[in-house]
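One chain, subunit A, appears in both complexes that follow, with subunit B as partner in the first and subunit C in the second.
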Partner chain A sequence: MTKKKMWQVFEADGNTMGAAAAAHADIDVVSAFPITPCTQVPERIGDHIKRKELDAECLRMDGEDSAGAACTGSSLAGARTLDATSSQGLLFKAQNLYCWAGSRCPVVLLVATRAINAPVNIHDDFSDVMSQRDAGQLMFFAKNQQEVYDFALLGFKIAEDLRIQLPFWVCYRGFKVSHTTTINKILSPDGLKVFRPWLGVYERPQSLLDFEHPVVAGEVVLSEHYLEAKFGQHYGMRQAPAVIKEAAKYFSRRFWNVYSDTEEFMVDDAEYVAVVLGDDFGTLKVAVRQLRAQGVKAGAIRIVSYRPFPVKKLQKLLVGKKAVAVLDQALSSGAPSAPLCSDVRAALYNSVAKIPVRGIVYGLGGRNLEPEEVVQIYESLKHPKKWLGETEPCWIGVRGGSDKI
Partner chain B sequence: MTEKIPFKPLTRGFAACKGCTMTLVANAILSGKPDDTDVVIVIASGCFVVATAIFPRTAWTIPMTHVNFETAASVGSGILAAHKVLRRKGRLPSDIAALAAGLQRRGLVGRKFRVIVFAGDGATFDIGLGPLSGMLERGEPIIYICYDNNAYSNTGEQSSGATPFHAVTATTPGGMLRSEKAGGKDLMEFTLSHSAVVYAARTTLGRHNQPNDIKEKSAAAFAHDTGPVLLHIIAPCPRGWGFESSNAFTILDHAIETGECPLYHAEKVGRGHIRHLDYLPERYLGGVLHPEIHPITEFLGKQDRFVELLKRPDWLADYQEDIDYRWLGRHGLIEKCEPYGS
Partner chain C sequence: MNNKNFEIQIEKGTPPVNFRWHARGHMGFENVGTMIVSLMAAKKIHSETETSGDASSSPLFGAEKEGKPKETDNTISYDPIESFCKPKIFDVKIIADTTIEGVTANTNEETIFVVNAKDPEEVARQIGLGPSRVIAVDATAIAIAEMKKIGSKATFPNTAVMGAFIHIFPFISPEELYAVIKQKYRGRGEEVVDANITCAKRGYEEAKFFDGRGTDVSKAKIGAPKLLRWDEMLPGAAVYATGNMDENHTGSWRTSRPIRVDEMNAEKILAGLKKTRCTNCMICVACCPEDCILVENEKVVGINLDYCKGCGICNDVCPFGAIGIKPEEKAKKDDKE
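Entry: the complex of A and B
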């Protein structure tokens, strides 16, 4: 008997890959409202429904807030639910994001990340997702179209696990990943025969539609019990690393390799390491190769699972390094560091080693990060004394900017 | 066989204020639920959730969810979509239970399902108007109940889009001026501007005139299951309106008699809506004004919120003219409804 092939080639952009994952995960409800650059996700899902490859309800909502609310409703009613958004849409949806986590709705949200108005800009940065990073969801950052698919598929498995029951976000950069086409793998019909039983169907333990056992959801919970309710929600996040590991291990063994916490490039013997989210990891790799050719021991780390944050793994990877740079494509104005950098610093602070960490802000609104800039950042790590006094991140790539790499 | 237990959606012991009509409205509406229909209640933020579901207690005997202020209609859409797809896929909890019990699939064949949204006037007239419009336009068979107490009562009686002219509220302490509110907002006509709506009605809990109005309209709401249904229900708030808690029904009787709360409904017939008056106040009998019969002071005079208005004859006249115009004016109730009693 020949070994069955679990995957097939699929040429697609990030949004289409997200929609393919939705179809392969056999979602029940998708809530659609257009916003650039994630608009194609519900459109492509609509195509899957039209071609009868997917049996789902596509809700045509009247706004992002309503779209988020519809997801709360369908998830509370026990339907596997997917939503997609970007930028302003995420902000307009914001209070529903907290509702999902607080009401334990394992909605999978695809975010084609985009800058926030004003001034209005349709290109990528992580300002949108970072602004809502504390809403209580798991957050995975995809570096390419393939990972949008992989993480969305794994997202349902992980989010709906009864130990977790929290929303799961797949974040990928608008246009750079959402709209560029690459050659990818998706599950073949034989692969689906293995994947679907493993994924199972979503069975909410306390569904609003269980009329024999009526439940009340979203009720008033005052100070006598709110803390416990929130701890219960948070406990789901505490369980997440183990559940993610299980799911990723199975998927990697059965189908193809997926990252579950971090991805590293030449970190083992590196002296200087840069940390980044998403597809700019590729730019870092180009710079690392250049520097290695010149004898500089550079390395790069990509945070895949931003929530839960891989604290232990990062401590292990970075112990003994001479200096670290953290590149943020988002901003916390007036703060000592941007979001990713504050997390990295916090993760390292209580570890054995005291490692100088430099915060860099780059690429807001989609300005490309150039390998030469990254090389300069690595070079600056050799001389920590020059920047240890910085009280906020260094902005790079600003025309006429006064910050010195 | 088991004895049939009377359906009581809200149990005793909830925390509504003395004399509150909101819970009476809910029980009146839900008592119209046919036996073959399962419902999920969605409540927008407001008094209702605070009064009926503070953890670990709940007054609800049927599934209920409270959601963010403006999102009740949208959450209803989500629940309805989930029910539709899960029924199709045979994955409703009843299906799963039937399978587990070794029964034929679909243990609840023939059961009907409705989502009922309860939202106050703030959640309906103001913050949730867009989501409500979306729901009405999508044509989903949701029953949307607006219990209207003319203000944001839960937060302490601030004025809303449904607050009448010259009423004293926390944000209009001197009585709302014409300059602060240029005109009213007609929820019924807004609703009926959505062609998918199959039934819409204004009703309330009157005792003397049309005492069964709310029950009849509840039954009609459940019977119209092909599209959106909206009931706009005046629900006086003793605290906010400033009346003795035992007087709610007297106030409502005055509201009906004076024409302040018109009782009428509209049904979809063909592609349009036909409006029917369910009660014609004597003041407007024969389609002409009888100025001496049931003037608006009978309604206003019973409430502290109109204290400023009652001091000002010009405001009083203004209010009365408004009500009269609503009935007799161009495209007024008399004109747009079918002839009364026809």
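Entry: the complex of A and C
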């Protein structure tokens, strides 16, 4: 008997992969508002519904804020809910993002990341997701179209786990991932027969539609109980690493390999390591190969699970390294470091080894990161004394900029 | 009158004195906290080497509604106030309306109560303030009398209560209080200023003292609400217990009460002297925001006073004049009779 093939080839861009994941996870509600560059997600889900491949409610809302509120409602009712947004839309949704986490709504949100106005820009950077990173959700950064699909599928499994019940974001760069078509794997009908029972049906214990056990959600909780409510929410995040590990392990064994905390490239024997989010890991790999050819021991790390942040794993990976560069495609003006760099530094600060960490800001508004620039960054790591006095991140690629790499 | 036992001094190095005003939304107590701060600001000494006398005022916020019990906290201190946290025990509690519930929370035997009531001993027994020190002043009566003189129907007892209150702080003279009142009410005309100053003066002079320490006046037992551990709460702070308003009788916010005219005239109607007004048109049922009109067999049979907040909408919408409005205090008195 031949082994059944769990997957089939599918040529698609990031948004289409996200929509395919939604269909394969058998969502109940999609509530979305069109915004570049995530518009195709609800469009493609609409196609799935039209072709009767998916039985879901497609809510056409009048704005991002109401789309977010609709997600709160449908998730509280116990419906498997998906949303997609970008940039300004994410900001307009902001109050709902906190509401999802606080009300324990496991909404999966696909974010095709994009720069924030002004000036108006539709291209990629992580300013939008980083601005809302403390809303209480799990955040996974996909490096390609395949991972958008993988993480969205896993997202439902992880977020809806009763130990967690928190929103799950899949962040992928606008256009570079969302609109680039590649050859990917999706679950075959046979694969779905295995996947669907494992994923199960979302059964919210406190469903608003359970008329036998009426429940009030989103009520006033003042100082007597707010701290406890927030700790309950936070405890969900504390449970997340174990749940993610379980889910990723099953998925990797049964279907194909998925990353669940970090991805490394030539880190074991490396002396100089760069850390990045998302698909620029590929750019780093090009530079690392060049440097290795010249005898420079370079390595690269990609943070896959930004929330929960893989603190222990990162400490383990970076112990004994001579210097680390953290590349941020987002900004925190006036701060000693940009968001990702802050987290890496904080994770390392209380570990045994004191490692010099340099913060780099690059590529805001979709400017390409060139491998030559990455090589320069690695070269600068050889001489930490030159940059240890920096009080803020070094900007690269600015025409006329005075920051010295 | 010897009231040394009722004094609190503030000195360098002593802890700040905390007090809480219990009043309702319509009683003019929104301003007392800031007036106390103004009082202390006038006394504050700034010099190169020393700053003495500090005060703060913070109102507590929740639901907003006329008649809803509202609290304002004050702190005064010799040394600068550095913490704005709420104290566990208040040194002074001012009760502007004896019908407010929970006034003895966060107090101990050293707490001084200033109450808007005629007799300090009686009110201590009535609302369970003992064994404590109680200062009573019939502030509402004073306010009504003084305001009537200037042709106003206002009944705000705030200034008279403040007059009695400053007995506690010997370093605040009545004249200083009058100055602050003048400052506060100056926009409302000389008449109002003078009437309020007279209220404060009468409050100061007519205050009565009762030292209940060592007596067996029983203290009201306040059931502390059960506070949940984080893992006892449902995810997202959801609540299964719909109908837990059973424990929270918002009817206590009421300052006026709807009365069913037919009920009042029941005997006369039976005797055929008056006609029934209510036609059971159900307009009041549809309009009551709190769903307090009780209906049985398609007939209006009563009003749920546990939750009626006395908004008077039923009175407004009734086309037949079947619902009247009575001041709550009067209604309570009538109930007793």
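Here, the second predicted complex is superposed on the first by the 405 of 405 C-alpha atoms of A that agree within 3 Å, B and C clash if a C-alpha of one lies under 4 Å from a C-alpha of the other, contacts with A are read in each partner's own complex, and residues count from 1 in each chain.
Here is the rule we use: a residue touches a chain if its C-beta (ideal position, glycine included) is under 8 Å from a C-beta of that chain, and two chains touch if they have at least 3 such contacts.
Since this is a predicted model, take the numbers as computed values, not measurements.
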| item | value |
| --- | --- |
| Combined model on subunit A where subunit B meets subunit C, clash or fit | clash |
| First (subunit B), second (subunit C), both or neither touched by A:Met61 | first |
| Residues of subunit A touched, compared between subunit B and subunit C (which is higher) | B |
| Touched partner set for A:Ala217, first subunit B, second subunit C, both or neither | both |
| First (subunit B), second (subunit C), both or neither touched by A:Gly102 | second |
| Which superposed partner A:Gly232 touches (first subunit B, second subunit C, both, neither) | second |
| Partner chain(s) touched by A:Ala79 [first = subunit B, second = subunit C, both, neither] | first |
| Touched partner set for A:Val344, first subunit B, second subunit C, both or neither | neither |
| Subunit B versus subunit C as contact partner of A:Ala287, first or second or both or neither | neither |
| Superposed model, subunit B segment overlapping subunit C, candidates 94-102, 112-120, 166-174 or 202-210 | 202-210 |
| Residues of subunit A that lie at the interface with subunit B and also at the interface with subunit C | 76, 103, 213-219, 221-222, 225, 229 |
| Residue ranges of subunit C in contact with subunit A within the complex | 62, 225, 227-231, 233-240, 242 |
| Residue numbers on subunit B that touch subunit A, as the complex places them | 38, 40, 42, 49-50, 53-56, 58, 60-68, 70-71, 73-86, 88-89, 91-94, 96-97, 113, 130-131, 133-135, 137-138 |
| Interfacial residue positions of subunit A with respect to subunit B in the complex | 28-29, 31, 55-57, 59-63, 65-79, 81, 95-96, 99, 103, 201, 203, 207-222, 225, 229 |
| Residue ranges of subunit A in contact with subunit C within the complex | 76, 102-105, 165, 205-206, 213-219, 221-222, 224-225, 227-229, 231-233, 235-236 |
